[in-house]
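Look for chain A in each of the two complexes below; its partner is chain B in the first and chain C in the second.
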Partner chain A sequence: MRFLRLYGTFIALHLKKLMEYRIDFLTGAVSFLINQITNIVFIGIIFSQIPDLDGYLFYEIIFIYGFSLVPKGIDHLLTDNLWKVAWFIVRKGDFDKYLTRPISPLAHVIMEFVQFDALGELLTGIVLVVVASVKLSISYTAGKIVLMIIAMLFGTLIFTSIKIACSAIAFKIKQSGSILQIFYMTSDFARYPVTIYNEIVKNIITYIIPFAFTAYYPASYILRGNDPVFCIGGTVVLSLILFGFSLIVWQKGISAYESAGS
Partner chain B sequence: MSNIKARGIGFINTYKAFTKAGVQSSMAYRASFLCFVLGESLYCFVMYFIWKAVFSSSGNSTFMGFSMTDMTVYVFLSNLVGFLTSTDSTENLADEIHDGSIIMRMIKPVNVDFSLLAFELGNKVMMITCVFLPVMIGVEIYRFTVLGYCAFHIGNFLLFVVSTVISYLLAFYLNLIFGYLAFFLMNIWGFSILKGSLIKFFSGSLIPLAFFPGAVRVVFEQLPFASLVYVPTMLYMGKYSGWEIVFVLAKQILWLGVFIYISKVIWKWAQKRLAVQGG
Partner chain C sequence: MIYVENVTKEFKKTVKNPGLAGSVKSLFHREYETVKAVDDISFEVPKGEILGFIGANGAGKSTTIKMLTGILTPTEGKVEINGQIPFKNRKKYVKEIGVVFGQRTQLWWDLPLLETFSVLKQIYQVDEEQFKTRMAFLNEVLELDDFIKSPVRTLSLGQRMRADLAASLIHNPKVLFLDEPTIGLDVAVKNNIRKAITQINEQEKTTIILTTHDLNDIETLCKRIVMIDKGKIMYDGALSEMKQQYGKYREVNMSLFQNEDYEQLHFEEDLKLGGDDLKVVRNKEKITVTFHSDKISVSDLLSYILNKTQVKDISVNDVNIEEIVCRMYGNGVSAS
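Here is the complex of A and B:
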């Protein structure tokens, strides 16, 4: 309860900042939007020459792509400060301040910053999912929608957990931004059907860095009615396991933390 | 004559220090360098698998004039060129402008762009030996096993080297101009994301420009971005012949001249309005 009230205060603060720096916000959001558009043009060009990609139609690929942007965007919106922990908060010795506050350092780090740039990504994702759903005339039931939202939320948790675990490595080695970047980049694989990859890549993004559960598997349940126990259940179970693991890594990291800087 | 020689040596000595600092800094950030390389290769593999799926879905052995072997070479090589010609010292310049430490560079009796270039030279030496050579050899081994003969062409390779050097300088001055924008803009981060995705798109890193429909393709090929990645890669693959080669290289040089000129103009202008805050 107290947590939510605090978070509310932080968000109000950010909205004020947003109003102050409108141009900056627009540059950021538009940048992420254009980044997505170039990728969609890429898919469009491929499909101008082939009827389907590994059995998936243009709008099915667009659906999966859009779906992948939603968890990614929500995570980007809410937990962007973890990047700063990985890149420089620890290295510059600025992490000390979080340890002196009466709330959990992790909660504080996350609450402290809301990255509104992410709205560019998030809105593109939602628009693509809606457009693709209409074009493919997917019949939604209440159950399906609920499962889809659950998958998106727990998919977000997969992103966040990976960011927590990777940024916690910085407590040991001072700077883990580039490690985080590699793990984060593997999410690019998840934007396309996993069936196009070889077994090694497929198993890695399904079980080890389970980004396939942030988009392809849940989307394949919606599109093709694939087994929901695996496709949605897998997202929930793996994200919880990963989240637990990332909290352990974070705790271990904090106890190993020695302040850097002067 | 001896006077010119002495000045030449003086010039080299001055900037050698920057190059040495560049080597040292890339040694110091070995881990992040390695991670960066790993991330780039990951991206190449994503593209490789996508194109493989495209080829198997299309049922043809060629896709818009490219075979799967061509495509693989293209994916790895174009990203390699992008990687080799990437410059981050200009982003540091933006930081220096924001925190005012740019003044330290300005009061030294050196040229700003030469000092940055010399610094990066150190960086590039490491990139070429640790990344470029292994990947290029890997690509050639791949081509040899698939085609059954050695497709490596020394003439094309030399053209590629020349073109990549020009492309690097072009990227450098383009980035320098972006760096100078920090004099006027605050959200340089959002802007660099935008720059990154536009370059990726228009330079042919994401899709070979040859795949765009007629008129769009012609326009894209004239833009300076095409000279960044697409031209060197296509030269390596031997996709140009005769006068085309002269023409694309001339275009690269022309754009380089334009960018050097623009950067000089902005620099002169920005120097006048620079107000360093704090100390």
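Here is the complex of A and C:
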């Protein structure tokens, strides 16, 4: 409750700041949009050469792609400050201030920054899912929609957990931005059906860095009616395990924090 | 109130071999070297005291403050403040302390000061009424009014420091840690900050630990000082005592009508004094003779000088604390 109010305050302040830095915000959002359009055009080009990708039609791929943007976008919107932790907040000793305030340093550092640029990503994702659903004439039931939303939220938690764990490595080695980047980039694999990858890649993105659960598996439940216990349940269970793990890494990290000489 | 017992902090530093080959090598095999930033220190601070924590650059002051505020975990030893162990019960503990690091702001760069305070009010769960009285008080002593609507990034250093001090006091902490709160400030702002510190200490009985390189801060604010050097405590006691112990030095400042007259003065041969007991420094016209007042009386020294030379101007002064501290830093005098 208290967190929500504080978060509300931070968001309100950010909206004000947004007005102040309008141009920067617009540039950010537009650059995301261009990025997404390029990706979609790329998928379009592939499909102009082949009729289907491992049995998946163009709009099914678009659906999975759009789906993947939603958890990624929500996480991006809310927890972008973790990148700064990984790149420089720890290294420069600026983490000190979070440790002298009476709220969880993790919550504090996350709440402190809202990346509105990510709205471009999030909106593109939603539009693509809707357009693909219409083109594929997917029949939705209330249950399906609820499961889809659950999958998107817990999928977000997968992104957030990986960011927490990777940025916490900075406490030990001062800077972990590149490590975070490598892990984060593997999420791009999740935009396509895992069936197109070899066993190694498939197992990695399913069980180790489970990005496949942020898009492909839940989407395949909607598209193909694949087993919801595995496709949606897997997202929930794996995200919770990963989240617990990331909190432990974070806590260990904080006690290794050395600040910076100044 | 504050107990520090045999506290040590070591930092591991990776030893980097120079050059590309060295970097590649260190990828596979890292060599560490440990640096003892704080080395087995112990002290206590009773409630309501302002303790001055001094020492040369790199002595370990900031590292100590960071352990006391729960930012760093001590490698060894025990810290207990208000009955709590800083890094263990952190969330509860930090509610009762305020922290200012003069070197870096704890405020949000883009937020106007006023909003910064209201966010902090929420973080520290200060109720509306208390917040209002507190703000009125801080406004008055720190004169925040002129810039309270400005974003932090537009504040001058002096304004920012006052803002940081105010921010650390919003929740009425029992203990206040100030790491170089007057660094880089002009005399007027320094006075303003000192006044504020004094008032807070008197009104709220706030216990304060303060580090500084400006010994005027110490003279105006602290009765007791702890001096550390290379991580070890060199002196812990009353400022007045230190002055007495090391302050038996006095100095004669003079200038002569004829500079060549200086050649007539042979302190070492004539008075059999030298080394630490008598030192002469010449800076153009100005001659400063620092001497230990147990070894030679002021009148003996003056009559010696006046006999030998034509003095244009002469005065005898106490050695200021800066000089004393400099001596201690330099010689590594240990005292208890």
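The working rule: the second predicted complex is superposed on the first by the 261 of 262 C-alpha atoms of A that agree within 3 Å, B and C clash if a C-alpha of one lies under 4 Å from a C-alpha of the other, contacts with A are read in each partner's own complex, and residues count from 1 in each chain.
In this text, contacts are C-beta pairs under 8 Å (C-beta built on N, C-alpha and C of every residue); 3 or more make two chains touch, one makes a residue touch a chain.
Bear in mind the structure is a predicted one, so any value in this text is a computation, not a measurement.
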item: Combined model on chain A where chain B meets chain C, clash or fit; value: fit
item: Partner chain(s) touched by A:Asp96 [first = chain B, second = chain C, both, neither]; value: second
item: Vertex chain A, arms to chain B and chain C (CA centres, degrees, nearest 10); value: 80
item: Touched partner set for A:Gln251, first chain B, second chain C, both or neither; value: neither
item: Chain B versus chain C as contact partner of A:Val201, first or second or both or neither; value: first
item: Residues of chain A touched, compared between chain B and chain C (which is higher); value: B
item: Partner chain(s) touched by A:Lys17 [first = chain B, second = chain C, both, neither]; value: second
item: Partner chain in contact with A:Asp188 - chain B first, chain C second, else both or neither; value: first
item: Smallest separation in angstrom, by C-alpha atoms, between chain B and chain C in the superposition; value: 5
item: Chain A-facing residues of chain C, complex; value: 11, 58, 62-63, 66, 69-73, 87, 90-92, 94-95, 97, 99, 101, 103-104, 106, 108, 110-111, 115, 118-119, 122-125
item: Chain B-touching residues of chain A, taken from the complex the two chains share; value: 21, 23-25, 27-32, 34-35, 38-39, 41-42, 45-46, 48-55, 117, 173, 175, 177-179, 181-182, 185-186, 188-189, 192, 196-198, 201
item: Complex contact set, residues of chain A against chain C; value: 2, 5-6, 9-10, 13, 17, 20, 93-94, 96-97, 99-104, 108, 112, 255, 257-259, 261-262
item: Contact set on chain B toward chain A in their complex; value: 31-32, 35-36, 38-39, 42-43, 45-46, 49-50, 52-54, 56-58, 63-64, 185-187, 189-191, 193-194, 196-198, 200-201, 206-207, 211-213
